[in-house]
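In this document, chain identifiers A, B, C and D correspond to the written order of the chains, with residue numbering beginning at 1 in each.
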Amino acid sequence: MRLLPTPILAYFAIMAALPLFMGTSGLFYDAFQAIFVFSLVGLGLNVVTGFTGLLNLGMAAFMAIGAYTFAILTSDIYPFQIGFWWGIVATVVIGAVAGFLLGAPTLGLSGDYLAIVTMGFGEITLDVLKNLDAVTKGTQGINPLPRPTFGSWTLELQQERGWYWLLLGFVLLAVLAVRRLERSRSGRAWLSIREDALASQCMGIPPKRTKMIAFSTGSALAALGGALFAALLSSTGEPASYDFQVSILALCIVIVGGMGSVAGTLVGAVVMVGMNSLVLVKLADWAGAAGVGGASNVLASPNNWKYLIFGLALILVVRLKPDGLLPPRLEGGSG
Amino acid sequence: MSLLEVRGITMRFGGLTAVDDVTFNVTEGQIFAVIGPNGAGKTTLFNAITGVYEPTDGTVRFRGSPVRLEPDARLGFRAAVVAIVAGLGAFLAINIQELWTVGIAANYVLNQPFPWEKAVADVLHAARGVPFAWGVLPAILGAGVGAGTVVALWQRSRRTPDLIARAGLARTFQNIRLFTDLSLVENVLVGMDSRMRNGFWTNLLRLPAFSHERAWTEREALDLLQFVGLSERAHEAAGSLPYGHRRRLEIARALASKPAVLLLDEPAAGMNPSEMVELMELIRRVRDRGVTVILIEHHMKLVMGISDRIVVLQYGKLIGQGTPAEIRADRRCIEAYLGTEGEE
Amino acid sequence: MTQNLPMLAAALALAFSASALAQSGTLKIVSSLPRTGSANAQTGTIVNGIRMAIAEVGGKIDGYEIAYEDWDDASPQRGNWDPTVEAQNANKAVTDPAIVGYIGTFNSGAAKIAMPELNKAGLVMISPANTYSGLTKPGMGEANEPAIYRPSGSINYFRVVPTDDLQGPVAAEHVAGSGAKKVFILHDRELYGKGIADVFQKRAKELGLEVAGFEGIDTKASNYKSLCQKVKFSKADAVFFGGTTQSNGGQVAKDLRSVGFTGMLVVPDGCREEAFIQAAGASNLEGNTFVTFGGLPPEQLTGRGAEFCAGYRTMFGTEPEAYAVYGYEAARVLLDAIKRAPTKDRAAILKAVAETKDFDGALGIWSFDSNGDTTNRVFSISSVKDGKFVFERRAGDAPAEGTKAK
Amino acid sequence: MEWVDFFLQQLITGLSNGMIIALIAIGYTMVYGIIELINFAHGDLFMLGAFLALTLLGMLGLGDWSGASAWAAVVIMLIASAGFCGALNWGIDRLAYKPLRSASKLSLLVSAIGASFILVNLGLFWGGLPMDVFAGGVAAAAPKDFPALVPNTNLLGEESLVQFTPKDVLVWVVTVPLMIGLTWIVTRTRLGKAMRATAQNPVAARLMGIDTDRVIGATFLIGGALGGFASVIYSLYNNTISFQMGYRAGMDAFTAAVLGGIGSMPGAVAGALVIGLVRSMSDAYLETRWTNTIVFGILVLILIFRPSGLLGSRVKEKV
């Protein structure tokens, strides 16, 4: 099988060409930049949950670690100021180390015990970021953050297309990395653990080591996503920007897309984040245009329906496509 | 010397003794069978040998060694490193606010060069002023918890199936456990993992060693599939195989690690007579590759036909062992087992 | 392959429909406030205030139609303001040439994200609710604040609410003035709550109050009984809570009383809404609870303010809440500037807003200072009686009439 | 000896909070035990139970609650909320989980997450009902005051520093018999046996003639009903409800279930009591802002040394 099967190639071709038809700014860019950030987080979670079968409910924590690492090391409110690119490198490394530190003592736990530990880790991370305000600026967030430079040229925040392609480039790199790993010894070991942990162990696959590599890889990708998220906003936002709901969003991306499918994760990110950033954002506008809406009571405001629509959409998707929109087999078999 | 020595293995689950003080030796190159009625503790014995269960009592020695991690310098080193890191971490976690303020915030002026030496000196000075309860105590606590964690985790991983598999004991399962979403080749490649040398980075960056290893492992995997007669379906998903072929794939997967011993748990279960003949043939060929075979089996024809040596279990106890001819002559064995099941 | 094409097509279609068209002759005002989730209660009244201000000018100024859009900067995932959405809103506003004014944000954290973007575009931004001092006042926040919010070098951000650095001391002075000796400070660890608690603590120490404790609460906890018992056992005779109704102020008040704490409780303007009394239970606030608030409460207003209250009642059928008047004031000052601006473009309107002087607003007569802050420094202190906020006295920089009488 | 008083006080508070968590945790652990689903919607179901109770109070009329009439109202609310949550939980199972029985565990999880979002939204709507108890519904999202039906008088005498109130009594009087009853159902009745059988091996249970769908439905019903009981007790104890309260309640309960050994009912109770105590001790002796960190830190530590929780048995996979 090819490293990048047709659906993935098609995705990148379409995505790379899309901005040519979309003008140079607008909601489209905001939505798709968010989609790409969450594609990275989703790819990370796909390694952990999709390939290795470890339920991780704390991806947002790794995003937060990435965002804050990047911010502390690059923002001009601190003396480090190592610049955008070294910041990204440091973020990936710290993300992997954070994954290792959480994983080392806990990856021996079975399924849902691990899930609650990762969920707890998410809560702890938020609290620590909030409480250590001398370092993290508490709920203020750290800002401003540097823009990426290419030689002497700097990508400014308004250059939406530039950011779009930059992020798409990062997604492409991540997809390449994940696909390469998936189709190597590490990937086979991950899949074998998901398929049958005991048989895998009896075949000589060391479970903890293997899970640890998956966990660190996933965390590193999530941290990268977090750093780019912060760079896009030029601020880390407040710690609550990385709360449990974000972890849930990442999980929904992977499962709705199709567990263990790289193409599925990419599509899952488009669907879930797109719904979040386009459909639900436009909902009030559409309702207003249709003459619905107002502040007279709780039901009249379209904003009050967002949870309901989001929830219904989730239930419907898994009901109609229990294996995800693009399960691995459609990707051309994992073989 | 025997290849595998089983000494006084006992397995208790709560009040139930599934395996009771079983002792036997397996010599290299044999086909060795474990028989006994249902519930005699055969699979439990296998699980105890392969590390799936930790035996309540008794030892298993393979090539004279117990195949388990012993406390060594590495463990001590690891515990020490983790203790230091955790201790420092606990100290920092509690005092980072103060230290950061003293070292970084107080010394940094926007857009001015940062006086690193002064910052370090300030931090060290401030660290010395941290009260005992907020400095030394958390550090000791952190170090203790860190070292304790290392030891607790190590304790649990002393004799795990992967260690035993890597030592050279491969196995199959009574209720076939393939990786159904993986292709046949990939199943075999998973079995070959212990012989692969390329690490994470080699595979990620596709360094030259990657393609070299990929080439020889895939070739060997295909050879193994050929050996068990499944090479035509090499790239299909294992889940699509018919039942009879799954056994063969499981055997190929187990052989991939080049084991010295292959443990087969009821390989002929659910097979028709002609399939069984093929299986006997396959087991012999496995033995001829130099692999010692230990099998659990109900089909007397198969067992008597290929085994060099047999042990008989009943209610977890070993009630007899010997060559097929000796077992056939042993009254207790016949009563316990052959008398009822032999009519099959 | 066949699976993902429809998805992409759908995304494409959406993106096309998203690009808005500028209509000539229409000036658009948008507000960016958290409209999903728990803050909706307060932001709803702000939006009402804005709608009312626009309705008062008949939706038209100098022949230009005034269109208003109520944007949400919260997402259902967060149930609160979401930095991504706020950034989207800012970008959306910058790129729509018809938009001449941005009313927002509710949360100071969100303002940090929107401010530099709008600043570069020269789009005027008026906040009805941000109180974090660092957004406008040099030296009050981080070293690089507020310069980082003004990349263009000029000011485009204004606010109609007095900042935390003024309100905190007012509360501290009230506590000290009441004869309390020992105060326990709680805060919600948010930008607003922690910020105001910090300045409260500073002022309280200056005034010679003993600070028995300074603690951040967990805003999602089901109760604070243990914490409140700690307050009670500390023998503090006053508690200051820096936080809002959303950050569980009601539960804090309730648990303080339920464990038998009888001292004074002082809360800032984030709690000055009916919802706070509802959440805390009126009986728990009766008598010994005080709320500080920038400006005078609706019923104390005279002139414009009184008109506002009457108008609000007729238009929406409810009493205006504290924040309604801020929304109203923000929109009015913007509309006033649009009217004064010689040309109806962003630059002229921005200039007109910055030049606002002695504005006859619902909150009194005030101007914007050189930082973009309101010169209105009148605070009021209210208590709760029979489930209603009752005006106690004026406080702050303005002459404190009637202080002595108390 | 003030510090003794203070400590005793924390013990009382911690245990009462813990018992409320325990009731919710049992709902989690029962559902988990039988279909291995982390039922994300459970916390939000609990939230709706509280809204129903408040609505009922509004319909009964907010008079002067005292003595017998207050206790009668409590009983009515308990029964109504338990019935409502039980039925709702059963309905959610039918609509959102049952069609996914054969699908992967994680699809089921996403369905539960979806259900949770919907319930939260319904809670928001509910808070906007034009009733006096919801303050006319003008501020739907705001937390609601839950009238103090149970007096806050100190049973140890008004001069005692330690407070032990009828609220604490209520928590124990309701939760302990419920747990005993539940234990009886699970260990002694036919339904209980069927539940345990289905939990152990649904296929075998079906072969033995057990209608597993009915058993699973009954489990959701009972688990939901416990959530309903818990919601009333919670509301009477804390006196505030909000449409977002399900998240924390659910998280605490789920943590308790895992801490005690997921699937084990005594474990859930033990875990909940530990969490209640740790929370109140940390609030009282350390800092509130670190409480969550301490709770989860302790959880991780316990799981490192006891990977199956406090009372969970280490089930070895059958090979």
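Just so we're on the same page, a contact is a pair of C-beta atoms (placed from the backbone, for glycine too) under 8 Å apart; a residue touches a chain by one contact, two chains touch by 3 or more.
The structure displayed is predicted, hence computed values, not measured ones.
Common neighbours of subunit C and subunit D (chains touching each): A, B. Between the chain pairs A-C and A-B, more C-beta pairs are in contact across A-C.
Taking the mean Cα position of each chain as its centre, B sits at the greatest distance from subunit D. Put simply, the chain closest to the centre of the protein, by Cα centroids, is A. With centres taken as mean Cα positions, subunit D sits 32 Å from subunit A. One simple way to say how far apart two chains are is to compare their mean CA positions; for subunit B and subunit C this gives 62 Å.
The residues of subunit B that reach two or more other chains are 52, 110, 149, 153, 156, 173, listed in rising order. Across the assembly, subunit A contributes residues 76-77, 105, 108, 127, 130-131, 133, 198, 248, 304, 306-307, 310 that each touch 2 or more other chains.
The multi-chain contact residues of subunit D, meaning those touching 2 or more other chains, are 117, 120, 140, 247, 289, 292, 304, 307, 319.
Taken as a contact graph, with one node per protein chain and an edge wherever two chains touch, the assembly is complete, since every chain touches every other chain. Partner subunit B is touched in their complex by these residues of subunit C: 143-144.
Across the complex, subunit D meets subunit C through its residues 2, 5-6, 9-10, 13-14, 17, 20, 117, 120, 135, 138-145, 147-148, 152, 154, 161, 163, 234, 237-240, 242, 244-245, 247-249, 252, 279-281, 283-284, 287-289, 291-292.
Residues 6-7, 10-11, 14, 18, 21-23, 25-32, 34, 76-77, 127, 130-131, 133, 137-141, 143-144, 157-158, 160, 229, 232-235, 237-238, 240-241, 243, 245-246, 248-249, 263, 266-267, 270-271, 274, 276-282, 284-285, 288, 295, 301, 303-304, 306-307, 310, 325-326, 330 of subunit A touch subunit C in their complex.
Within the complex formed with subunit D, the subunit B residues making contact are 43, 47, 52-53, 145, 148-149, 152-153, 156, 173-175. In the complex of the two chains, the subunit D residues touching subunit A come out as 32, 36, 38, 95-96, 99-100, 103-104, 106-111, 113-122, 124-125, 127-128, 130, 137, 140, 247, 251, 254-255, 258, 262, 289-290, 292-293, 295-297, 299-300, 303-304, 307-309, 317, 319.
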